[in-house]
Structures are given as structure tokens and as C-alpha cells.
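Structures given as C-alpha cells follow.
The two complexes that follow have subunit A in common; it is paired with subunit B in the first and with subunit C in the second.
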Partner chain A sequence: MKRLQPQRWSSSVLSPQVRAGCRLQRRIQHGLRYQTTTTPFPVTEAEAKQPIQDLVPPPKKRSSRSAISKHSLPSPPVKAARESAKLAALHARLYLPARLPLETLARTLVDESADPNPDFNNESLATLGHDLLTQYTSEYLICTYPRLPMTVIFAAMYAYVGPKTLSAMVKEWGVELAVAPGGEVDPGHLQFKRLDPGVNPNQPLKNPNRPYENEATWRRSISSKIVYDDVFGEPVRASVDPRQQVQSADRYAAGVTPEQACSQFVRAVLGAIYLHAGRPAAKRFFEQHFISRHLNISDLFNFREPARDLSRLCARENFEPPYAKILSETGRLSRHPVFVVGIFSGKDKLGEGSGSSLLEARSRAAVASLKGWYLYSPLNVRLPNSMEEEGAAPWKPVHVDLGEVIV
Partner chain B sequence: MTVQGIRTVTSARNGVGAFILQCKRLDFHYCDWAGSSRGMVSFLKHHLPSFAKANPQIEIRVSPRPHKHPVIKGHYVNGREKAICVRNLEPEQIFNKANLLKAASGEKLKRTKKPIASLNESVRGIWDPYHGGFKSV
Partner chain C sequence: MASTFVTVKRPFLTLPFLLPSSCEVLSLTPRRSQSSYRRTKQRLRVKPDASFGSFSSHVEREHIIHNPPSSAPSVYHTPAKFLPSDDIRRSLCTDSSIAHEDPAALTPLNESPGPKRYHLNPSDVLEIRRLRTSDPMTWSRSKLAKRFDCSPLFISMVCGASPEKKEMQKQVLEAVQSRWGTKRRMAREDRKLRKESWGRDC
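Our next item is the complex of A and B:
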């Protein structure tokens, strides 16, 4: 870490007339110019003088060193992490645990497309982080809302840990994207190989494990999505045999989108926290950065025929068949009538809705009653991952409902 | 398929879980020759190390800008930047300006009319004339 030394600046750089003839001095000053960042870590005087000593050796040795390092590397060298003010600032801005070293944080910022070497890119950390993220989120959703339909769970998973959310988080964390990866780039930038223009990033993936994969027009049921697809209900890339991993180098030859690179980075940060600081720190990070975000789950529903669904639901749950009743109305013969309709099952009012026609009001009331059922949330939810702690109380099974009605 | 899920993105609530300081970088520009930078040079010598240590979230850059007035520039997470000219100011005043830039959100200044802004909808709902027993509307 280098720190500006105003004394030296004032004597040498800003009075060019005094030392105009000294080329070596000017070189040093030129080198110093870009190293004037202050870091949160205490820097000794010896360390502060380091760059000058590096620059002073004879030019032959320096040129041979620079030929090996930096520009020939696909990603920044490991020791560069300690010298990056951006990286240290990011570490502090995210309140990452002190046990997570800057070198690992630098590694999370290198995408697989930038550096195919698995020892230096974030792919392994991102795999771990993705598993943790999806496990924690799905536990939270299923235990908090035990009656959610599967399609809504997919949508909620996408909203909490989907690639769009993760790339928005990267922006909110103030991480800057490098234009192109390379050894000379500041390790505080997110590095990935950008997709060439004209390449469609949304090419449909095919999973050979899935039966009838080539029948494009066939309907894909929710149950098959649970088995064969990923946590968002989207087709997954077929798992690659580690022995054939060599091919993965050219898998990303075309580059990746910023969205993919950003989401890999966020996952890798969680994976790195888990590895370096342990499970409680990872859970805390998850709660603070993911679950604390705002999502209104009742906005995720899209009903096709709510009245039919409601009658099927009442039949399944052995409720009396629902019926709709006008609660109040105004201006039936005017241009803007308003009807308020309630849906009842026996004497219990299930829901209520208003609309400018009787049918509209009835379907709104049916939607309200269906949401009232699906969005049930028990009090004092305990998540299964609380059992991982030491001395946890014995587990009591949580209530998980059948899910949506099958029509 | 009876019910479909609508894909959205969760919205951030900075400070509800984690708090991310919105100022990500401060640039200090000074001139060693001009008198308007005297306070700035003194600030850089004596106050900046402790300021940087107290605010590790902010990347700090110091660079000379010869023959210009001293300036502090703040770069923010939302992509905007704010610059304050600190010519002829004392180190303490410059410290206050740096703190001002650090605490700013980066947004344009705007007048807040409501004391509370919330993403959640109102618990009481919106008043309408068809409920509450008013039979003659």
C-alpha cells in the first residue's frame, strides 16, 4: 500500500525548474503519480518507500521483470491485491469479515471468462455461493409462505437471487467493471471477457438428461421443471464431467454478459465468506444483503381463471362451495358504475373486490380470496438451517402445504 | 397452468440490512505553488491520514493540479459526482467539506415534502365510499 507523501511531492514534482535535468527523478515522479492512494491499513515508512526502490534498479533488470509480469498474465497477480485501494475500500464498504483476505476478494472479481485457470478465477467460489444462496432463499420462502404455488416460488427465487437482482446489487455496492481483463488491471475491478457484438446471449440451453428435450412444442410441466431445471424453473446447462473440463476453456471464448459476470461475483463473495469466516458470517451476510431487500410477494401472482381455481380449492379443502354476493353498488345505469362483491363460503367471507362490472368485481374478489389462502404465513417461523448451530433446540417439523390446486 | 409467477427484481433498502456508504471515492486536487492551496496542503499533510483511517470505505486519491484552485471531488455509487472548490479554506473547513461529501448520497438535492417514504402499502388502505356502513352515497 502506498501513501502520498506531500513532502516529497512538494519538493520534486511541482517545481520542475529545479530538477528539470534529472531524468531518473522524473521517472520516479511519473511512477509515483498513480500510486498516491491512501488505504485504511497502517503503512510503515519502509513500505511507503517501496515503489522508489523498485524503480531505481538498472533498466535492464526492470524491463525483463515487466516482460514476465502483469501484461502477460490473464488476471492481476495475487500480490497486486494488497496494493489496490479500490479493493480495500470495497472490503470495508461491504463490512466483510477481517478473516476474508484481500487476495480472495480479488479472486472473486475474476470471472471464468477472464482467466480460465480454476486456481485464479471465481468459478469454484461461485458454485459454492450459488448453492448456499439458493438453499437459504428456498428455505426462507417455503417456511415463511408454506402455501405458495410452485410457479410463484420460482418467481420469488428469481426476484431474490436471480441474475438481474445480483447484477443490480453489484451496482449498488459500487463495483466497477473493467473494460477488458488483464494482468495490469486494478484488482478492484470486476474482470470478465465481454460478449462480442452480434452474439445472442439468450440462446436456449438444452439439457440432454431431460426426456423429450427436442420436442419444442410440448408443454413442460411444473413437476418436470422441479426435477430437471434450475431453481428459477429455467433449463440448466448439462453438467460437465470434470475429466472433460479442458473444454470449458473455450466454453467462454465468446465471452459473457455483464449480468452473468456480476452474478457470479456476488455468489463468489458469499462462497468466500463461507470458506474464510464460517457459516454464521455467511448467514449474516445473506440476511443483510439479500433477505432485507424489498419484495411484495402478492404482486407475483398472475391468475388466469381465479373463480374456477377458488371453487376447486374449496372442493379440495372441504369448504362449502363459494358463492359471490353484491355487498354494495353505485351508479349501475351510469357511465362509471362501481360494484363491491364479496365471495363467501358458507357464512365465512373469503375475499372482497370492487370493479366496474359484476364479473370484474367477482374475479377481483376471487383473486383476493386465493391470495388470502396462498399467502398464509405462520408466526415464529424457524428455518431448517438454524439446526446447524451448536446446541440448537430439537427440530419441530414446519407446516408445508400441498401447494396450488390442480385444475 | 392455474397460476403463473411474474418475474420481478427485489428493490434495495439501504440501511435495513446492510448499509452501503454511497460515497465510493474522494479525489483531492491541490497545487503546491498557489496560495489558495495552502490550507489544502496542510490538510493533506496532517488531517488526511486520520480521515482515511476513519473512512476505510472510501477510496482516496490525491493528485496535483498545478495552477488551479484546490478541489475535492466525490464519486458516488449512483454514478454521479460532486465537486467542491476549497480555495483559501482552512484545514478544519476543508475537513468539514470532505465530511459533507462523504455523507452525501450523490443524488441531486431535492426538497422532501413527506417525513416518511415507504415501499410498503398503507395498512389502513385507501378510503372509499362503499365501506364503513354509509348506505346513502
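Our next item is the complex of A and C:
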């Protein structure tokens, strides 16, 4: 399998202003910049499709360019990226590949609410980065713990790549937030339009694709969350249909929260690394910054009826029915007794738990046995994305489980 | 300020008879004397345990002693019964490397209910339903269970209580709870919260 050449198919994402090398390209970039502002020189579609060689920069346009002040731009100009010390420091601090130019890094810091022009904001990069992040994380979770219930997968996804984690990462990376976006702002700041005070950012979102959306009191099943909701099991922000996204400018007219802007930035960084430095660099960045974060998955469980679930599980898997035995105890007649109870199926011990009453110890032992079942992890886990590399060994199917216990 | 503190402290420390014996050990500099060295060596000379491996057969061979302190087992160690059939760890766990205690010799948590009997027929079930709907005050769940020699759970599976009976039970419960004071109410609520935390294992 040959590696994809990202430059060719991603030309819409890697717009010409990021390659500020030659004079001709700079000429195009000025034309694009005029689009965002009031310009006497609109670039038509036919003109934009013209090959670069045909465009000859007339000298009088240069003078008109210098007339545009930075204050009239919605986001910093492209050439300011080379002059920003903060941006260079961020590039070095994150140990980003040298093939990722500072101009693109500056673009990842411009949110859609700051600059609605898709050629200058990070929306397209963030979309790509979000898809990569969720794909890598879900692959890792499902292949490492094939028996996890869906609710735990949702919670683990949220913990690894949820907006709260991403905004915490931005804080750790030392990225500062601009008070207000504008052309005069240092491009090393994260720029977005802040939500006005008094606006509730947590308004319940409505998904028009979902049936019975208006029934507020109805329970939302896990299966419907898989189909209709996003990767965290939460209602999606907007419909995926691009025809309904034309009014994206007034979608963000009210502004966004810092959390949303920070998460868009982190996703855009991963997308930019993928486009400029390729897949291996993106995977390395993902491993170093996301999967390396410690998450104790056994803390994400919450059982209401562990003993009943365990007996259902044993019946489903044709094990002997579970029974509890006291392994050890101390101070039964004292104020603080401790019982250690084990749960057995046949002659095998499934789990043990301790507690200050027999009922508590039995319940905790059942929880431990259920976690022992759900947290099974196969040896030598191989992720499906390893097949993308050249000369990969033939794929062996991963362990697939029957699914969680349904009572 | 630190210097004055030291000057005050020093003559006090030079007179060890003023201090209690435990304080003396802590305040003196941790210089290892010969007696403490010997004590340390003695502490390290532990009796060989069964878990250390058999010393008699291969004394000369170097090996690792794995004797962890007793603690709750990790939930990430899947029990051998829960491993899928194609997992290599299944064959490793089943041999005698792990000494299992015989579960039959252990004390049971509560007396087992025994094998299921299935001794009630459909006419008995109809009779249970008739009795419970006709006179719910007399024929409570426990009385029906005693009469038909089954568990109260089975009675509730067969038929539910009438709405009037439920309403009355609710009123009785409210009357009882209205007599509770702050302490008892809080203790009850805490108990409920604690019970919920068992399922989260915290």
C-alpha cells in the first residue's frame, strides 16, 4: 500500500497562504485576503482556477495591499506568523515536526467564531483532527478492552478526547487566550469570539434527525445514542448535512466558550500534523499526548445490581451459578468488623471483596467479579491502524465479545 | 531565628537523661552504630516461606522471590474462568502454580436456599391471586408464602398488591417516617448513599 500524498487531495485544506514561499503564491494569498475584507479587487471563480504561472503581480496592487491596516482584518495576517515569538516557542515546545510551518500553526489558533472565512480559520483542520482522534481512541479502547460496556466506552472516550481534557491540554501547553480576536493580535494567542455574559452555554441541543426528539422525559437508550449522537454519547451540535450549514457565520455569531475553542485548537493541531508531516507523525503525536495520559478504566463502572448481573452472566456463559463464601473475617461482634467474601463458580474464584457487613462484602465481591469479566484484555493487542503501514503482517481478527450483560 | 533555636536546643540535647527514651532515638543523628546494623541484619534473616520456592532442590540456582504483601486482588487480573478459550493464559493459570483454597471448606455467607422444587401448579397460583385480591389485609406476602411453602419473592412475581393496599402501605410508611428526627433521617440517607457507593467500588 502506497502512502497517500496529502498535498494533492488536501489542497482545499492546505490553502495557498500556508506555503508563503514564492512571490506568485504570495500574490494569490493577497487576493484571498481581500475576500474577507471590503476590496475593490474581487477574485472571481474563474480567476481563482487559473494556473499560478498566468498570474503576474502588477506593482500597483502592492501599494493597495499596504493600505489595509491590521485592525481591519478579523484574524492576524499570514506574514505575522514568522514574527511571533510565542508561535515559534509553541512550535518548539510541542516538538512539532519541522515540516509543519508556523503559518499553519497560526491558522490552527484562529477559531471559526473569530474568522468565518474557511481559508483562514481552523475549522477544516479541526474536523480532520477530530475524526483522527476519535478513530484512534476508539480503536485503542475496543481492541484493548473488547468486553467494555458501551456506557464505559463513551465515558472513556470523553476522558481521553473530550472537550474538558483538550482544554486542560491547552493549558498545559501554555497557550494563552486572546481577549478578543483581531488582525493586530499576536498570532501565538488562541483567538475566538467569547460568549456574551448571561448566555447559557449548556443549552439542550436538538438533533433534527432523531425521532421523538421533543419528548423530553423519554429515556434515551444506548443503542439510539450510538446511531444518532456523537462519539461521547451526547447530542450532536449540528446536523451533518452540509446544505444546512450555510449559515455558519451566524451560527457562531453569539461566540463560543473557551472550552470549545481550546478543543477545536487541539484537534486542528493533530489535523495539521497529519496533513503536513504524514500519518506516522500524527500517530506519534497521538500516542505522546493522548494515550499516554493515565486513565483508570475500572473507576468508570457503576453497577446497581451487581449480584443479579453476575448470576445472569454466569447463566449466559454456561458457568455454574455463583455463590458467596467467607474467606476471612475479624471482629464480627465489634463495632468495626471486616469481612472478606469470595464469589465462586464451581471451584473457581471469580472475585473477592471486603466490607464492614456481609452484604457489603458480597456486593463488592460481585462488583470485582464483574469488573474482572469486563476488563479482560487480550495479549499482544494490535490495532487496525497498524495495517496502514507498509509491509504490515497479515491481519488477525481481534477478540469480539457477545456484549454486556442485559438483565 | 533558626540559629537561636539551635542554640537553645543544643544544650538540651547534650543531656540525654532529660529526654524520654523514644524521643532520644528520634532526636539523635541517624548514624548507624554496630548494634543497629546487627539488628537490621537480623530482621532481614526471615524464615523461608513456602512461597519463596523450594530451597532444597535447587539451592545453587538463582531465582526471584515474589512475595507481595497481602492486598485486594487487582480487577485487571482476569480470573481463569473468564479468559476466552483461545487465550494462552488459560493454560498457565489452571496448573498448580496458584494454590486454591477449597471453597467447600469455607463458611457460606448464608444458608443456601437449596434446589428449586417447582411444587406449585397453576391452580395454586390462581388461589394465591384470588386470596391476595379478595382480602389484601389478611393475606400479606409473608402469610401467603408461609401457607404455600414458597418464598415471598415468588408471591410478588405471581401477583402484585392492589392499589388500595399500596396506598395504605404508603400512608403507614409516611406515618412512621414523620416520627423520625434529624439524626435518624440523616443516618438513613447516609446509609442509602453508602449502599450506592458499593456499586462504584469506592
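The rule we apply is simple: the second predicted complex is superposed on the first by the 332 of 407 C-alpha atoms of A that agree within 3 Å, B and C clash if a C-alpha of one lies under 4 Å from a C-alpha of the other, contacts with A are read in each partner's own complex, and residues count from 1 in each chain.
Methods note: a contact is a pair of C-beta atoms (placed from the backbone, for glycine too) under 8 Å apart; a residue touches a chain by one contact, two chains touch by 3 or more.
For clarity, every value in this text was computed on a predicted model and none was experimentally measured.
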Which superposed partner A:Ser354 touches (first subunit B, second subunit C, both, neither): both
Contacts of A:Asn302 with subunit B and subunit C, given as first, second, both or neither: both
Looking at A:Leu383, would you say it contacts subunit B, subunit C, both, or neither? Reply first, second, both or neither. neither
Regarding the shared-chain residue A:Pro149, is it in contact with subunit B (first), subunit C (second), both, or neither? first
Tell me the contact category for A:Val341 with respect to subunit B and subunit C: first, second, both or neither. second
Touching A:Ala368, do we find subunit B (first), subunit C (second), both, or neither? second
Just checking: does A:Leu128 make contact with subunit B only, subunit C only, both, or neither of them? Give me first, second, both or neither. neither
Does subunit B (first) or subunit C (second) touch A:Val398, or do both, or does neither? neither
For A:Gly174 in the superposed arrangement: first (subunit B), second (subunit C), both or neither? first
By residue count, which of the two partners contacts subunit A more extensively, subunit B or subunit C? B
Of the residues on subunit A, which ones does subunit B touch that subunit C also touches? 299, 301-304, 327, 354
What part of subunit A is in contact with subunit B in the complex they form? 3-4, 6-7, 9-10, 13-15, 33, 36-40, 42, 85-86, 88-89, 91-95, 149, 151-156, 158-160, 162, 164-165, 168-169, 171-174, 188, 222, 287-296, 299-305, 309, 327-330, 338, 340, 354, 370, 374, 404-407
Contacting residues of subunit B [partner subunit A, same complex]: 1-14, 16-18, 20-21, 24-25, 31-33, 41, 44-45, 48-49, 52-53, 55-64, 66, 77, 119-121, 128-131, 137
Subunit A residues touching subunit C in their complex are 298-299, 301-304, 306, 319, 323-327, 341-342, 344-355, 358, 360, 362-364, 367-369, 371-373, 375-379, 399
Subunit C - residues contacting subunit A, complex: 72-73, 75-84, 87-89, 100-103, 106-110, 112, 195, 198-202
